[in-house]
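Both complexes shown next keep chain A, but they swap its partner, so chain B is in the first and chain C is in the second.
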Partner chain A sequence: MPEVILKNLPFLLMGLRLTAEIAFVSIIGGTVLGVLVGVVRYFRVPVLAQVADIYIIFVRGTPLLVVLFICYFGFPTLLGYQARAYYAAVLGFILFIAAYLAEDIRAGLRTVRPGLVQAALATGLARAQVIRLVVLPIALRNVIPTFFNQYVRLFKFTSVASVIGVNELTGSAMLVNGREFAPIPIIGFIALTYLVCCFVISMVGRLLYSRLAVRA
Partner chain B sequence: MTEEPMIILDKVSKSYGPTVVLRDCTISIKRGEVVVICGPSGSGKSTLIKCINGLEPYQSGSIRVEGVEVGARTTNLPALRTRIGMVFQHFELYPHMSALDNIILAQVHALKRERDEAETRARKLLDRVGLSQRADARPANLSGGQQQRVAIARALALDPKAMLFDEPTSALDPEMISEVLDVMVELAGEGMTMLVVTHEMGFARSVADRIVFMDRGEIVEETPTDQFFSAPKSQRAQEFLSKVLAH
Partner chain C sequence: MSYKLDWAPIWNNRDLIIEGFVTTVELSALGLVLALAIGVIVGTAGSTNSRILRSGSAAYVELMRNTPLLVHMYIWYVALAFLQLPPFMCAVFGLALYSGAYVAEIVRSGIGAVPQGQRLVALATGLTSAQALLLVVYPQALRMVTPSLASICSQLIKDSSLASVITVAELTYQATAIEGQTFRTFEVYITISLLYLLLVTIVTYGLLLVPGARDDLEQRVSDA
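For the complex of A and B:
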């Protein structure tokens, strides 16, 4: 490993830790929000479904960086609070990824046959129970590949947080480069690190899918 | 005094836009009776029995199950449905659960039974349908006949007062039909009230008290079983029987 990397490794690893943390929190938060939004849209819950539609159109038509700017500069100014880059970034990633996951879960919900819903209703389960116990578990299993695809995208997108001053992996690498000016090894190092992490995430997705997939 | 029939359908009609699916269907089923509904495909048989547990809405007429009006807005449909078991043509088992969990789910979540009790009952029922060895199998790893027997167990787990069967053997390979019919014959022998949509005329002949013949959304005739097979009243039933009994 080049000396410039070895020397700065503790600092870069702190950046990696932050990247992993942001990605993890955003994936969990984004999945919860995305599934909620997807369900609300799929079942056309009045008012909420319309709000969800507008939200999705907005996020899907806006660059990620702009979404982060809105969370970092926009919301704090409008609502009058002090923004912190880390929280603004996490909020932005959650809002961003959830919009895509909401579309994916809708496709997953369509894979559940209406007959299955009828059969579950026929056993006396209430509609909300049928969704929670039968429809969502099946839909979620079927969307594991697309969801993990989005998780991989999100992991790479976390690098954009460096623009609003979060020193995650890319941000800390840029700081190191500013001091050392050795772009080839430094950028090579973080590129490789992202690659390995993304590979691990997609392997986890494949493993989960091979264990949990169902024929609905 | 005669007992009021358990299920009463009175002039039930349903249409999708201009298409009439059910027209003035009237039948009543007494406790312990086995009634087979037959007729050409598209005649509204499945729709009719799905109206009985409120899976299909109907526009006019009345359906009462143990005195409860199915179509009334105040009717607690989930509670009503726990008292009427239903078995579907395509089994409709939950693919992400074991056979055992399929039978446990509604016991715990609809009837609020303790999980232990629900599991004990589920195992007993699996044993009864001859599948105690397959408790942990997923539906995908069961044959069609086995899946349908699990589906029957799932319905029976709620101790229903009546059972609806919607073409329970139509999606099965021929060699698996009898294992499902055996369970149904046994159930009929125990006095279960049953309404069965089927093309299995052998089953109808041996267990049904009455045959209801439907065509184009109408109940064309309702005849005691022996008479239906020897001398059906209507021309349409005669034609239907000559086709299904031809071989």
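For the complex of A and C:
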């Protein structure tokens, strides 16, 4: 490893930790929001479903960077609060990825046969119970591959947080580069780091899917 | 809420927005053409019988796809600064190499979905293998993957906003500039996100019209 990397490794690893933290929180938050939005749309809950449709169209048509700008500059000026870059970034990532996950879970919900839902309702379960105990467990297992694709995408996209001043991996690498001016090893190092992390996320997804997939 | 929405400054700066929009279109178009070229070459390599070509293709895809686009842009703009490429070209290369990997995977799956027999029959009729690929396999494969290509295309357009980070004066960059002058933060970002939405919608639907045109072609071929 080049000396410039070794010397700055602790700082870069701090950046990596922040990247991992942002990605983790956004993945959890995004999945919860995405599934909620997906379920609302699936059951065509009045009003909420229309709001969800507009939200999805809007976010899916907007670049992530613009979503982050809206969360960091737009909402705070509109609503009059002070935003911290870290929270704005996490909010942006959650809103962004949830729109994609909500669309992806539709495919999963379609794998649940209507007969199963009717049977569950006939046994006397309430609608909320049917969703929680029957529909979601099947749907979620079947969308593991697409969800993990989105997680990998999100992990890469966390680099964009550096643009609004969050010193995650890319941000700290650019800081280090500003001091050391050795762009090739530094950028090469973070590229490899992202590569390895994305690989690990994909592997986890594949492993989970091979264990949990529901075979019809 | 003390903040009052005021859209007038956005309208007054429409020249900048239009300029940025045009640059975004140029950037995306150039990036897309290169990405398609890369994707078709790498994807075809990935579906051959040669093990070397296949692993080369897989290596390219994994390497490019698992690195953030922003890092791609920094590679061209910062790490390879000695090449002295204009920022616009850095952004084009970054976008093309990154999206090319996604296109390659789609092309590969499309070729895989064309039955082997099609190629064999084409070869048996006396076409060369290049002709079989160009005239028989690609037309069928590309038609099957048009929806996926449309979604890659819309992603590429949105991803092009990252070019603003390396000082390309496209839509997002101009929005930041307008925001800096007028402080109409919310309005300006909503405006450009609607413009992105418009562009993405037009391009996606435009691409989805393509298969219809091809069906017509197929009809004419079978009539002949």
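Observations on the model:
As a working rule, the second predicted complex is superposed on the first by the 215 of 216 C-alpha atoms of A that agree within 3 Å, B and C clash if a C-alpha of one lies under 4 Å from a C-alpha of the other, contacts with A are read in each partner's own complex, and residues count from 1 in each chain.
To be clear about the criterion, contacts are C-beta pairs under 8 Å (C-beta built on N, C-alpha and C of every residue); 3 or more make two chains touch, one makes a residue touch a chain.
On a predicted model such as this, the values are computed, not experimentally measured, just so you know.
In the superposition on chain A, contact is made by A:Thr123 with chain B only, not with chain C. Counted by residues of chain A touched, the larger count belongs to C, out of chain B and chain C. In the superposition on chain A, contact of A:Ser162 is made with chain C only, not with chain B.
By the touch criterion stated above, A:Thr170 is placed in contact with chain C alone, chain B being left untouched.
Looking at the shared chain after the overlay, A:Ala99 reaches neither chain B nor chain C. By the touch criterion defined above, A:Val39 reaches neither chain B nor chain C. When the shared chain is aligned, chain C comes close enough to touch A:Ile187, but chain B does not. By the touch criterion defined above, A:Pro137 lies against chain B but remains apart from chain C after alignment on the C-alpha atoms of chain A.
Annotation: chain A has no residue touching chain B in one complex and chain C in the other. Across the interface of their complex, chain B is touched by residues 113, 115-116, 118-126, 129, 133-134, 137-138, 141, 212, 214-216 of chain A. Within the complex formed with chain C, the chain A residues making contact are 57-58, 61-67, 69-70, 73-75, 77-80, 152, 156-160, 162-163, 170, 174, 177, 183-184, 186-188, 190-191, 194-195, 198-199.
Residues 1-3, 62-63, 65-71, 74-75, 78-79, 81, 154, 158-162, 164-165, 172, 175-176, 179, 183, 185-186, 189-190, 192-193, 196-198, 200-201 of chain C are the ones touching chain A in the complex. Against chain A, the residues of chain B that register as touching in their complex are 50, 53, 55, 78-82, 84-86, 88, 90, 92-96, 105-106, 109-111, 138, 140, 151, 154-155, 158.
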